[in-house]
Amino acid sequence: MLKDCNAGERFEGVLLINEWKEVPFRQKPGAYLSLTCQDSSGQMQGKMWNYDPQVLVLLKDQDIVRIKGVASEYRGTLDLTIETIKIVAEEDVDLSELLPSSPIAASELEKRLTVLIEKTSQRELRALLEQVFGHPEWGDAFRKAPAAMKVHQAYLRGLWEHSVRVAELVEEIAKYYPKMNRDLAVTGALLHDLGKIGEYNYERGIKFTTEGRLLGHIILGIELLTEEITKISDFPRELRSKLLHIITSHHGKYEWQSPKRPKLMEALVIHYADALDAELYQFEQAKENHPEDEWSPYIPSMERYIYLK
Amino acid sequence: MLKDCNAGERFEGVLLINEWKEVPFRQKPGAYLSLTCQDSSGQMQGKMWNYDPQVLVLLKDQDIVRIKGVASEYRGTLDLTIETIKIVAEEDVDLSELLPSSPIAASELEKRLTVLIEKTSQRELRALLEQVFGHPEWGDAFRKAPAAMKVHQAYLRGLWEHSVRVAELVEEIAKYYPKMNRDLAVTGALLHDLGKIGEYNYERGIKFTTEGRLLGHIILGIELLTEEITKISDFPRELRSKLLHIITSHHGKYEWQSPKRPKLMEALVIHYADALDAELYQFEQAKENHPEDEWSPYIPSMERYIYLK
Amino acid sequence: MLKDCNAGERFEGVLLINEWKEVPFRQKPGAYLSLTCQDSSGQMQGKMWNYDPQVLVLLKDQDIVRIKGVASEYRGTLDLTIETIKIVAEEDVDLSELLPSSPIAASELEKRLTVLIEKTSQRELRALLEQVFGHPEWGDAFRKAPAAMKVHQAYLRGLWEHSVRVAELVEEIAKYYPKMNRDLAVTGALLHDLGKIGEYNYERGIKFTTEGRLLGHIILGIELLTEEITKISDFPRELRSKLLHIITSHHGKYEWQSPKRPKLMEALVIHYADALDAELYQFEQAKENHPEDEWSPYIPSMERYIYLK
Amino acid sequence: MLKDCNAGERFEGVLLINEWKEVPFRQKPGAYLSLTCQDSSGQMQGKMWNYDPQVLVLLKDQDIVRIKGVASEYRGTLDLTIETIKIVAEEDVDLSELLPSSPIAASELEKRLTVLIEKTSQRELRALLEQVFGHPEWGDAFRKAPAAMKVHQAYLRGLWEHSVRVAELVEEIAKYYPKMNRDLAVTGALLHDLGKIGEYNYERGIKFTTEGRLLGHIILGIELLTEEITKISDFPRELRSKLLHIITSHHGKYEWQSPKRPKLMEALVIHYADALDAELYQFEQAKENHPEDEWSPYIPSMERYIYLK
Amino acid sequence: MLKDCNAGERFEGVLLINEWKEVPFRQKPGAYLSLTCQDSSGQMQGKMWNYDPQVLVLLKDQDIVRIKGVASEYRGTLDLTIETIKIVAEEDVDLSELLPSSPIAASELEKRLTVLIEKTSQRELRALLEQVFGHPEWGDAFRKAPAAMKVHQAYLRGLWEHSVRVAELVEEIAKYYPKMNRDLAVTGALLHDLGKIGEYNYERGIKFTTEGRLLGHIILGIELLTEEITKISDFPRELRSKLLHIITSHHGKYEWQSPKRPKLMEALVIHYADALDAELYQFEQAKENHPEDEWSPYIPSMERYIYLK
Amino acid sequence: MLKDCNAGERFEGVLLINEWKEVPFRQKPGAYLSLTCQDSSGQMQGKMWNYDPQVLVLLKDQDIVRIKGVASEYRGTLDLTIETIKIVAEEDVDLSELLPSSPIAASELEKRLTVLIEKTSQRELRALLEQVFGHPEWGDAFRKAPAAMKVHQAYLRGLWEHSVRVAELVEEIAKYYPKMNRDLAVTGALLHDLGKIGEYNYERGIKFTTEGRLLGHIILGIELLTEEITKISDFPRELRSKLLHIITSHHGKYEWQSPKRPKLMEALVIHYADALDAELYQFEQAKENHPEDEWSPYIPSMERYIYLK
């Protein structure tokens, strides 16, 4: 694993090339190869001084390669000086070793999801949850997709982790407000980001799909849900409207691409829990990435520095 | 018709009561009845000094009534002093005589719509247009719905009038930009506001439906279109995405409740033509309503006064 | 109590005059008296047709009076036709019968507050909480003050109710994020609005104080807390900074009058829980005030209509 | 021409130096020369490893030079390794070979402009158009100036191309709104950006003039037009105000530097057609520059990625 | 004078009618006349219970009338019960007795203006000031116009008062910044609002002119100044640009309708002094109008309450 | 001094290292050292090609070192090629030779401050000023601190220079508005930024303190002032509120981190004078730094280019 590699040591292993380019030297003819490599434990920058020009023709972004080289360090950052590079067929590789994934194990997430579903007593909502999360395609995709491109839980199982925690938060909060419908709130929380399974492609790294860019995960979620709801006989029209409203409004503001603001207690709480979990994730990450520091670097998505002590 | 009634004349006819209330006198016990009445030719304020208390129990907003009274004028505004009021059964009335409708006749709109459809040669788009506008429920609703609650074309056939004109504008503009796909642009223009048929209830006056308030016409339009597209075999996935993107982005900005900004030439032009037609409508209305004035009153939706000369 | 009074019945009792004015008749000389009256159960509009001119000299806003009159109704709203009015000395009245207060009893709030404090193990925070809530002046004021002028919990004990619930929410949420300091979060939550005890005057109705208008409750809270912290020996400087930062940043945004954005996990969660409780209160109020309706009236502070079903 | 030059080939020709600098080597003493070169067909980056220090004294930005060198390629981008460079006197060069210009020929633009003018029947507007476009100085400058610094039609004849197309669009749109004055709209459209002839200096590359920076093209346009209108006897005061209002308001919003919002139908349509043409130009450019791609790079002026299929 | 009239007293005098309307009674047929009257000392609301219907035909807004009636008071506000009303020819009246004007006498303003001009030593600026303020039409209008519609110095001589004070402030400030050009700053300050002489009509009350609404005082000021500058031989082009830039940018922000932001020290200081004087005027007014109060009413133009002690 | 060093000359002297890093070569193994050096006369970039690896362990940001090297120039910018570097103990150095400071001498600032204080006749304000500026800790810190991190007067004595000038401006302006309290305005102006002495650490370069980041100089100023005011017996409560309000509101807008907007004339003028002085400083700096240019480079804090002629 990349994270086990120390300065001065040799490295040999299978890596995913996130992107690469040929960089011309600034004061002499010629160029070197710069590659961003990753496995599930992290990323490292690689440099290759001598290479067969043939590699320029064969190599593509997101290729999987076997690499040999030596790690070297400049002030805490490791670089990989690459000696040989060889393309590997996808079928010979376990992708989960190349992509980062949630620190929470699938088995634990499954257990927590099951508890949330089983406590749902409203018949149609229970049926919908079982149908979606048991769906051969959507259920699988939901358990694999990341929660975001970059900002929070941008790794495999991230969507699952995020959705379960938002649902749990919503469930706790609902206890303090007796007028709130727990089952609607929890169902909405579990499904609020469902459209993300169509918004990202995450086979090798996380990319937007064309549908994701053209429509976004709110519209994609509406499409998926309307289709699934149709299959449940006698799903009450009003309940359907409320659930679709929760998806529609979960970003909370027009400027954040929600075409409606929350008009139900349940929609409001989901919006808050969603935003809170995404922001707290960034605090946690900053603390993990800078265990020694008093202040984080500037965090553009939050427009501030964070105090880490 | 109300608009034919002059000061001092008696009026007798069938009117729709938009809203009504009992207004207590300010310096003596008792109250009078204030009613907003309308027929297709306009609105008038009514006052009833003596009335059977029974009327308070029977009368509801949006009731249809037969009224006898006298019109009187204070500085150009007519009031109706009502003498008798009698509720009329809906089946005895032609609703189109009570609600305003587009100044453009249905026959002309039909002709212009037909021309736009017939010039569409891309097979699937042509099929979709024919299917939607020939749909027993949606086609009918589209030809009847208003284009907005208040701001523009807020009358029967308003959606039809607006959609046809936006499509015609888009078609003209497309001629100047050869990279634009005329058929996609015209189809998108005709369908951009389709969701409005579910956003408003316009049986008697224009009201938002609950689904309209919870989801809005963009989401409702997405639902309708995905359902219709499914019925067309081999509708290309990419064309479907483009069409849904046009619906999604036609307000042009996040703050105006579009969850995506226009990313296609066709989507951009539809957004512009839509906004332009809505704003020009207000100029036209202001000129019609104030034929003598140099300046309009303040127009809140445009945040300005308009010059009428 | 006003809320027990029905149309047509006589009323006699002690009321607080929120404001009053003499209203000239529009078409004859003379005027009548219009008064907004309240007791702890609600408000009612009063009208007095005949009155001793002397009353104009004696009566002041926020006066307490004994009133005799008759209630009458127009379409669901009750009016009080006042026959006699007599000023009452404050010492003869129990103010808690004239002002609304939290639906949650003081004894329950005290119990919940005690639990929160007793679970706080960090020595200095525990000491600070005991000192503030046991303070003869601040502790008392905190238990009496409203949480806001108008928008949420605008009644006696409102600040107490709001602060306890925010602290409880924060405590629940903290369980999901192990990096969060529960004691700091709960202490901050209980104290975040402390400055409100100086921002409002709530002897008779809720008014801003001059200091409240000039400085606001964030600055007033900073003043109070720095003074209290000074009394605790060895209060760590860093802990003090964090606590003051929580007060400073609890509105979350510059535009909402927080001069700093939350830079601690604990500050962020308090901001969210504060905003969430204030908004949910409005949902609950709307549901209570409009038990029959599908939609609330427009709620300016939330810029939307709320769905009540 | 630069665009005809392929990797590995020698190049010899006259180029305009847009800007140049001496770049110090990072790990040894000395430096090389980096130059941005252009002719009317495009730009290319040049590097000169050995050069006479004298060149640093002689060379200025915007100089015209004769260059010999060799083109080489790194992943699709061509660089010019320069061997010799020699300054050329301006009088020996045809500037139109060094600066890009509109893809639409001057003869075609002239024809379209003539048609627009000839269809203008309102006497004073016709006179104004003939006078401005026939003006020895302004007419010439208008036919030569670019339409913008960077964003749209940033080349010779760009202003002419843009103004003619905006006028044509406006003319088409006007047909759908009978209350609009076609002659005023077309005249306003042709003149709306007239001030740009004073805002940019475009002798060699496009730069802002000092007057352009201090006053902007709206104020400069007002100055030019008031001067020209003065020369036409009996130009109606009201028509003059309307025309000046069109110039003043054509950016549509205060934030976009229009001190007035459009208050005439004609001003509104010109604003929309102006913005639409500028944005569509960017779609067209993105499609031309990335014929193989599904998505454009991020376009800062539009704050989005564009779909190119 | 109206301000000398006390409750219960008779009033007889010449007044300007700002606006008037016939108000129908709410619970009986008929109507009364409501008129807003003013003379230079202030405004008063008038009511006329009995009137000759003929008056409705004759009376126009802004008419001058001779009125007889009685003042009566409700809680501090005086009303005028009008008995007779008679239209007066304008030539029989001194308008300055009907319109409010600056508290600073014309003679003092003239003296202060003269000092400012005489201290200006830069030849062309001195010439421009003498020419503009000595201009038979502009000089006169400048000395008469108000400084604003409503917000500040909305009375005769208000523009003069405001411009002189802004120039004096600018002169004082300039002393602290040696790089600033005092003559340019003072000239710009005296002329910054010159266009207001064309923006308002203030013959009888202050109204916007059509040119004022279509173009605004920045554009009108540019027109006036370019015309005046032309008459001064050898006025340096650069000085002209700077002066026009000061006019163009004096509102400081695009959103405040300045198409350019201040890019000269002199322009920046004028913008600040202009805004400061306008806001301080409102503080002074609030203190004068509410001598007894601790807090002003809400001031919409400043979005706040002002502390008056 | 660095500013006396010319291209080609040797340099030897004591410098402060602002920051440094090891930069890897791009096309060969190894790296060089890049250091930002400064003394009170300015900054210079240093490069060290050969260095003892030991230096990486010893050197820290903000270290003081004795440097020998040679200056060389590329197009007007000087670089220092460093030959030897040796760490120097702080006690052997006069820090004022390493940090820039106000161009205005301390003696002159002291004189101007004294004049301002001595003209203050209101007893408590005079006492407060003498106490704060005579305070052994705060008085000293105030005379040393910078006025800002980067934008204006970011050097030693900058806070002193800025505060005195703002007070002088305020004093001048107050003369034109008789309702303004000169003593309150001047006292507020001198103290408005007092909290900056705790917001920055400026021992070696200017850095934010942790308290500065968590609380900001408005809150820190409130803390300092409340503490100082407590020491003055009988300081009127209302005067204290006004002074604290001035600190609280001096940024003028919520978005600029003022939790209250100015509600006193004195607070308003201080806000304006503060902003004006900060902006004019940038004009002055731009003129000094670019004496030959017509236009400044883009100034991000002002979002514009400045005209320098």
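So that you can tell them apart, the chains are marked A, B, C, D, E and F in the order they are listed, and the count of residues begins at 1 in each.
Operating definition for what follows: a contact is a pair of C-beta atoms (placed from the backbone, for glycine too) under 8 Å apart; a residue touches a chain by one contact, two chains touch by 3 or more.
Heads up on the chains, UniProt names are A, B, C, D, E, F = Putative domain HDIG-containing protein.
Predicted, not measured: the structure shown is a model, and the values here were computed from it.
Peer 1: Mind listing the chains that sit against chain A and also against chain E?
Peer 2: B, C, D, F
Peer 1: Over half of the interface residue numbers used by both chain B and chain D, so same, or under half, so different?
Peer 2: Mostly the same residues form this interface, as more than half of the numbers used are common to both chains.
Peer 1: After a C-alpha superposition of chain C on chain F, what does the rotation angle come to, in degrees rounded to the nearest 5?
Peer 2: 180
Peer 1: Please identify which chain has its centre, taken as the mean of its CA atoms, farthest from the centre of chain E.
Peer 2: In terms of C-alpha centroids, the chain at the greatest distance from chain E is A.
Peer 1: Look at interface C-E and say which pair in A-B, A-D or C-F is its repeat, using the rule that over half of the contact pairs are identical by residue number.
Peer 2: Looking at which residue pairs coincide with C-E, the repeat is A-D.
Peer 1: Among the chains here, which has the CA centroid at the largest distance from chain C's centroid?
Peer 2: D
Peer 1: Taking the mean of the CA coordinates per chain, how far is chain D from chain E in Å?
Peer 2: 43
Peer 1: Residues of chain E touching 2+ other chains?
Peer 2: Counting only residues that touch two or more other chains, chain E contributes 26, 210, 213-214, 238, 242, 245, 263, 305, 307.
Peer 1: Pull out all the chain pairs that touch, please.
Peer 2: A-B, A-C, A-D, A-F, B-C, B-D, B-E, C-E, C-F, D-E, D-F, E-F
Peer 1: Going by the contact rule set out above, which residues of chain E touch chain C in the complex?
Peer 2: The contact residues of chain E facing chain C are 23, 25-26, 28, 30, 32, 49, 72, 74-75, 79, 81, 294-295, 305, 307.
Peer 1: Of all residues in chain F, which touch chain A in the complex?
Peer 2: Contacts found on chain F: 21-22, 24, 26-27, 29, 31, 56, 210, 213-214.
Peer 1: Going by the contact rule set out above, which residues of chain D touch chain B in the complex?
Peer 2: 165, 168-169, 172-173, 176-177, 179-180, 238, 242, 245, 261, 263-265, 268-269, 272, 275-276, 279-280, 283-284, 287, 302-307, 309
Peer 1: Where on chain E is chain D touching in the complex?
Peer 2: Chain E reaches chain D through residues 210-211, 213-216, 218-219, 222-223, 226, 238, 241-242, 244-245, 248, 254-260, 263.
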